[in-house]
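Encoded as structure tokens, here's the structure I'll be asking about.
Labels run A, B, C and D following the written order; every chain starts at residue 1.
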Amino acid sequence: MDALNATDDISQVVILLEANPYFWGGRSNGAHSTGPANFTFDRFLEHVLLFINSLHLLNQANRIVVIATGATSCAYLYDSNAAELSENARTARVSKKLSVVEKITQKLEDFMSKEAVYDLNQGTEDNRYSLLSGSLSMALCYIQRILRGPSPHPLPRILCLQGTPDAPPQYIAVMNAIFSAQRSLVPIDACIVGNHHSAFLQQATHITGGIYMKPPAPEGLFEYLSMVFATDLYSRKFLQLPRASGVDFRASCFCHKKSIDMGFVCSVCLSIFCKGQRTCTTCNAIFAPSKQPNPAAAAAQKRKVS
Amino acid sequence: MGPEEDGTNPMDEDGDGDAEEQGRDMEAWEKAYAEDRSWEALTEDASGLLLAVDVTQQQRQHRRRFAASKGPRIQRGIIRYVFVVCDFSRAAAEADFKPSRMGAVANCVEAFVREFFDQNPLSHLGLITIRNGVARRLTDLSGSPEAHIRALRANLECSGDASIQNAIDLARGYLSSIPSYGHREVVILYSALSTCDPGDIMDSIAECKKANIRCSVVGLSAEIYICKTLCDKTGGVYSVAISESHLKELVLEHAPPPPAVAESAVASLVRMGFPQRGAEGTVALCACHREVKLGGGYTCPRCKARVCELPTECHICGLTLVSSPHLARSYHHLFPVPGFEEVSVQLQSMGKFDVLRLCYGCQQELPTAGSKAIAGVRLECPRCKQHFCFDCDVYIHESLHNCPGCESLVK
Amino acid sequence: MKFKIEGLTVYFPYEFIYPEQYQYMVELKRALDAKGHCLLEMPTGTGKTITLLSLITSYQLANPVGKLVYCTRTVHEMEKVLDELRRLHAYQEKEIGKEAAKILALGLSSRKNMCVHPEISGEGSRESVDAGCRKLTASWVRIAAVDNPNIKTCDFFENYEKKGADALLPPGVYTLHDMRSFGREKGWCPYFLARHMIQFANVVVYNYQYLLDPKVSGIISREMEKECIVVFDEAHNIDNVCIEALSVNIRQQTLEGATRNLGKISQVIEKFKATDANRLREEYNRLVEGLAQRGNLPVADNWLANPVLPDDILREAVPGNIRRAEHFVAFLKRLVQYIKGRLLTEVVESEGPLSFLNSLNKECSIDQKALKFCYDRLQSLLTTLEITDTDEFLYIQSICDFATLVGTYQRGFAIIIEPYDDRMPNIPDPVLQLSCLDASLAIRPVFERFQSVVITSGTLSPIDLYPRLLNFNPVIFKSFTMTLTRDCLCPMILTRGSDQLPVSTKFDMRSDPGVVRNYGRLLLEMVAAVPDGVVCFFVSYSYMDGIINSWNEMGILQEVMQHKLVFIETQDVVETTLALDNYRRACDCGRGAVFFSVARGKVAEGIDFDRHYGRLVIMYGIPFQYTLSRILRARLEYLRETFQIKEGDFLTFDAVRQAAQCVGRVIRSKADYGMMIFADKRYNRHDKRSKLPGWIQTHLRDAHLNLSTDMSLHIAREFLRKMAQPYDKKGQGTNATLLSQADLEKMEQMENMQA
Amino acid sequence: MPNVRVVSRNFMEMVAALPAAKLDELYGSPWTCQAVVRSLPPLAKQYVLRLLFVEAAVSSKSIQDWALPDALNKHKVAIDKLEQLRVLIEATERRKEVSYKLNPRLQKQLQDVLKTGGGVPRESLPASFAARVPSLVDLENYAMKQWEAVLLQLVSSAFAEASTVPMNSTLTATFQRAGLITTPKGKEPPKITDAGFQFLLMDTNSQLWQIVREYVASAEDRGMDSAELISFLLELGFLNIGEPYNLNTLSPMQQNVIKELAALGVLQIQSGTKDRWFIPTKLASNLSASISETSGVQPGEGFVVVETNFRIYAYTTSKLQAEILRLFVRLEYQLPNLVVGSLTKESVSTAFASGISSDEMISFLSKHAHPHAAKKTPVVPETVTDQIRLWENDRNRVQMSPAYMYKEFPTVETFEAVDNYARDIGALLWDEPSTQRLVGKAERHEEMRNFIRRQSSAPQRR
């Protein structure tokens, strides 16, 4: 990854687009809304497209990939260098003909149509969440491919445009993805378009050294995108950028999948539980009657060892 | 894979195998090529043009090796208390490893220490050196990588004899007092070829066995009988390094948590806190240094005290404080991604390929029966039935530990 | 496992079999079918013994052949063989049922190893035990004991005798140890029991001597039927054994002893004359009828016989001039006198038997015919005179040995008289050596008597030489190499020290301090690079002492001690054994140790340095025989004339096989690995190298020839690292090293196809 | 490769050098705007983007706050550049402190670009033509072939071989103008110059741009409007590769530009029954690409393997590559698709002699490294690189400079005075007070002489 010369500002940006129909749909019929008020999907999309174009403007070598994060599936929407990659000249021409906007919208439509199978009005627990872990994993796979490619390769980074709240069931998967990203030095940026902060993405940005941001006014989304998230990794060394304001390091317990700030951990497999158990549901280890309650003792013992 | 491959593959592996054999007793400068003896696979066509090698076979082999290395899913001892013993006896001065055996060991240990804490967040590690037949504890069992590395760097000289017995006795002394749920281990990096012990080493070995201490040895020069016995008796691993790189491999093999032996440690529930990280630039009094600190520290969820780094124990209420990422690092051991199966390109119905023309992970084109353009294997996730390319398979199983396909389905 | 070889069902007690073992069996079977002798070389560590046993016993089960006579060199090996046999037998019983698999196998050894008598067994030397035994078991002693209770006899023997013919050993496999314990519980004398049971046994295991040494072999000679299958294991030195069996040395003290004996004898004769003269007369008559009738003496008494004598002699009447006891004594006196005279010579004399006889005849008119009978005449006399403490009469016995041999053989022997030892010329130590030059003499009767004789060993190269040495023509001689999953032995030929100066133990160089230092450096480098056990072999004790001293002076030894403890083989057996197991201890506990030993020594022959007990063996120099010795010269000459074997060839052959023996100690199984350094520039010459056994040569790559110390050090390091890597015992596909029953069946089908 | 950067910057300087009016006029075309923006240093780009939708003027102060304090100089460079190219215009306000706003025309253009997402300058011909258009791959090959032909022309003039392609007059002219080959005196053919050799080792983009630059420069001579030319060239860069574009609709000037560019393989001209059209190739896209500071990703993948034993294996079928290698490698033998050679002192020093620097060789080797070789670091073994550098140093041990020697000064004072003076004006090469001798640069001799005159009544010198 160090094969690049320092002044290189060519970027490979993978944008994870919040495309959860429940989230956006929830907008229209004001019922239990999770998304920001009066900010529709189309507006959102506009901003993003502007953003994509401006990335292209900045450097013709910039590569952009857009992956939709849906409630029931994830899909590639756009790949700026798909044209060059596909050997077939004809398809290349066709793809060239359409502009970025057309390509994306078109792809997005059939994605949405698939998603829409779920009745939006009675969103189940499941599709209140988007499959962040899925799109993250895909993004990372894609980036690995870039990194494998001929060097010098563009500097990869991931931008999550997240609206829906964190999905505790995805906790482990997301974490795995984060660590993998960290290992291959891929920063994960996060721009929250929903109402809730995302502990997952806070951790992700914190660990991978990306930027975390929740625009107070989503109407001006492009503002933030162009001011903050357009900055390539090289320029980040020189520009003032928003600093992390605290990270939520709470875990989510295995038993009820709810975030906790204090809990019990199995000494064999480190599974987290919100309350004491006899046996570990993950590794079915049988716990010795724990002498836990007396932390002072534990501390004392620790000191003795050290 | 198709039946026809089965016939051929073992052969390939043989060839590959003794290719490496030869690689071993090559001159140093040849070794660079020993790993990939690609030219052997090269073939010329009629016009004397060189043809590319058969990727598919190579990929299959790689997958087989990986599969072999990866055993069935097992309980692992994740909370470990490990002493790393560096033999800095006379023999460590030998320069057959560059810069010297000692140097090589130091480098590996450094890498190991980092990797270790990366993979075993809640574990503790300590350093012991052997010099002049005496074992000395460099660092106490503790959680901070830097301290160990500093201590090691500061202690690089070697002389005198080596004594395994002294080393393991010392280690046993410290390991005996750790909490019951911890897994006790000793990893010895041994340069010497003999051990000058004060007493009968067999007794010490028996003692270790009794104390459930798993002793592993990485030798730098040759197989030594006593080390072999030590490892066999205590359930450790004995390996001998061929080259610097191999040495690193072998040492790092000890980084992932070892399979947990039932009796070696009793499971128990440990109460832990997952503190929040304070915003940058905020000022607070930190409990550990008893002084005002600027910048994001962590706050104990129980007593709201401020600590500077994780993992640690709250100095006020003694609660074990970790950040959930620490724990999460080792979760992939618990929920491994199912191995992908190869779908024979020939047998596949062409119908399906139109759908799955691209790798689900990275959009790379997948090999199809028709086009010979893309060589390689096509793999399928048994759970989500998505198809992947070879590279993604490797990445997914060795680094990512998520199957994109499964992740992007509602469970 | 159980499989078929050319129709013969072979029972093999293990799951897998090495390919070479299979080949070995095939060849062996063919030899047996051909009812001929064979010569088979197969590397140590490939399980020769079990292969032999399982094929031959299976063969016995299938075909009507006689017993298997398995000759080993040491008691230790004997026990090992019987253990293997027991495992095999257990397996056979499992396969084909108790009845069908019933065999009787037992080991036979000297009284020393078998006696269970509380006092006697405690005796130190072999002779004393023998003698002690006779004191209690000789017929006349027992007769005397009948009416005189305070004459001691051996209860074990008595019980055994009482039982008479139905004192039998139940079928099974008996090691010496088993025999003893059996004897104890039954209260029977194991030794005589064993000797008695031999004729019923299917498998007999005992020492070479029992077949080769005329003095001992009498026991068996007449009890073995022709169909027997005789096996000489570890037979690489068989020619020397044969020669020793037929050589006699006579020194000053021998003669003095002899005269003393004669004196005693004549006294006894006088006594007898006084008491019962007719006993002597009986003997006289018996002698007239001829020695053959001696057979009718009770079994315990005919304790010596001479297979070497052609039967006609046995039937012939003893010449008149020695029939009478006193004549015989006088005769011997004359002989001894004459030899005394010969020993007075100042110069070295060397002559053939013929000329010796002539001069003997001229000077004291002793004719060859009479000489021929001396040996038996003496025996019968001693018997007649009821002399039991035979160990005192060794001297006169060896004189008679000498006489008989000289009388019997005109060819193949040399009589050499040396007034002093060459090594210390000024000390007069005259010796008359009757040395056998022709190994074939001793072994010929064996070849003639038995239908198939198997000679096998790990090192029989060059294999074509043995038939010529032993003067027989095998129906099959073959050398097998061992199949390995990894090349686990690493022979090297080191010709130069680090300073590039050649190293060798040639006379002109061996004392050169440069060479000594280089040898020392070599050892030093190696002990620093090789774990656990290292073994060094030197060409001779004197050389070893010399070089160790100078190393000590140079301080090399001290440096060596930093890495490994040092142990040294000495002439004294007890010391050496002690050194050995300390050495083993050091290897076990990881301290590491070096063992200094001598080629042709006890250690070199008998002891294994397998696994971590010997990761490296250094052969310092080429262990040539002491070329200036007259005997050797004579033998070389003889070989040249009779068998057209060049001196050089024979010497190198002999030296190299010794070297091979030494280094062979280091690897004893396929899982094992070890290095061998031949430290002498002469090894690099093709004539030497080519004589190494095939399984060493195959691993002797060009890269390992003509090395200097530093190079070999590098190779050693690489090798040790390579060997330390995990590997799979059972190679796949092409280079399979283990065959399962299934594999064999497949192979057989193949063969059937071709056939 | 220093030269590369020089080349491209020069080009932008050319643009910058244009009078304000012309510049603004240039910014009338979206393509120029994009090209210019892309040519900016990363920081500057960010600024442009951030200001893009800001109508009001922004104070330089607040702009400066964007940058981290320790990145100030970077910041300044960016601003200067922006001003140079009139991307930022100082807003005239009464408040004294400076404030900037984007060049309105440019701003307008760019905003559109963002909204429409660029698109293409001109409509390509209907799909009916598509059938006759070569596939991308063929096109690629065509372009490479053409370009190699161009270079071969250069090379062939290096080795006195029969040039494989007929000498193209304008090309030769351009070469000569660029000083890549000597202007022929009399009969003998033009010889390649040091610059020419270096040129060969550059990567395609830089080469292309150096040529184009010369081309533009020479445009004035041929009475073209450089501004128009430039904007047209830039526009070409934005056309879609492999699309047919109508030739007849172009202005005559543009048409013959097209013709000449075709020779370079930048585009391919095809002619149907009645109308002619041109198809831009990869090279064309480089027109807009290579102006940016980044050297971009290598076109075509590497083929050279360098071993520690100084042997070089080049898996290539191209004659050109072989020839280029021949510049500094002793070729040993050639197989159909493999060239084997080795770096020897001779071969390398001849290269030095013809003005190729060690860095150029090394970077050539590493740039064109075979994918397998490229995996290991360093791509070219140290032993080799070091040795090449050493060889180079050998040559530079002695440095010549014409000089005068002054000695036999009347007094110590005079000597010291002169010595100091020489040192001050930087004429001093060597001096030795003990013997009162000093050596000065020849070119400064006049001043020295005068000074010495003034110093002493009777200065002796030789």
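Assume contacts are C-beta pairs under 8 Å (C-beta built on N, C-alpha and C of every residue); 3 or more make two chains touch, one makes a residue touch a chain.
Chains and their UniProt names: A = General transcription and DNA repair factor IIH subunit TFB4; B = General transcription factor IIH subunit; C = DNA 5'-3' helicase; D = RNA polymerase II transcription factor B subunit 2.
This is a predicted model, so every value here is computed, not measured.
Counted as hops between touching chains, the shortest connection from chain A to chain C is 2.
Chain B has the C-alpha centroid lying closest to the overall centroid of all protein C-alpha atoms shown.
Among the pairs A-B and A-D, the greater number of C-beta contacts is found at A-B. Across the assembly, the mean Cα position most removed from that of chain A is the one of C. Mean C-alpha position of chain A lies 28 Å from that of chain B. For this pair, chain A with chain D, the centres built from the Cα atoms lie 41 Å apart.
Distance between chain B and chain D, defined via averaged C-alpha coordinates, is recorded as 48 Å. We define each chain's centre as the mean of its Cα atoms; on that basis chain B and chain C are separated by 56 Å. Per the touch definition, chain A reaches chain D in the complex via residues 5, 7-10, 49-50, 52-54, 56-61, 87, 89-90, 92-93, 96, 99-101, 150-153, 222, 226-227, 230-232, 234-235, 237-240.
Residues 34, 37-38, 41-43, 45-46, 49-50, 52-53, 65-68, 71, 74-75, 110, 113-119, 130, 135-137, 240, 242-243, 285, 288-289, 292-298, 301, 371, 374 of chain D are the ones that touch chain A when the two sit in their complex. Put simply, chain B touches chain C in their complex at residues 10-11, 13-14, 21, 24-25, 90-91, 96, 161, 164, 193-197, 200-202, 219, 221-227, 239-242.
The residues of chain C lying in touch with chain B in their complex are 486, 528-532, 562-564, 587-592, 611-612, 615, 703, 715, 717-726, 732-735.
Partner chain A is touched in their complex by these residues of chain B: 75-79, 121-122, 124, 140-142, 174, 177-182, 260, 265-281, 296, 298, 301-302, 313, 317-320, 322-325, 327-335, 359-365, 373, 391-392, 395-396, 399-404, 407-411.
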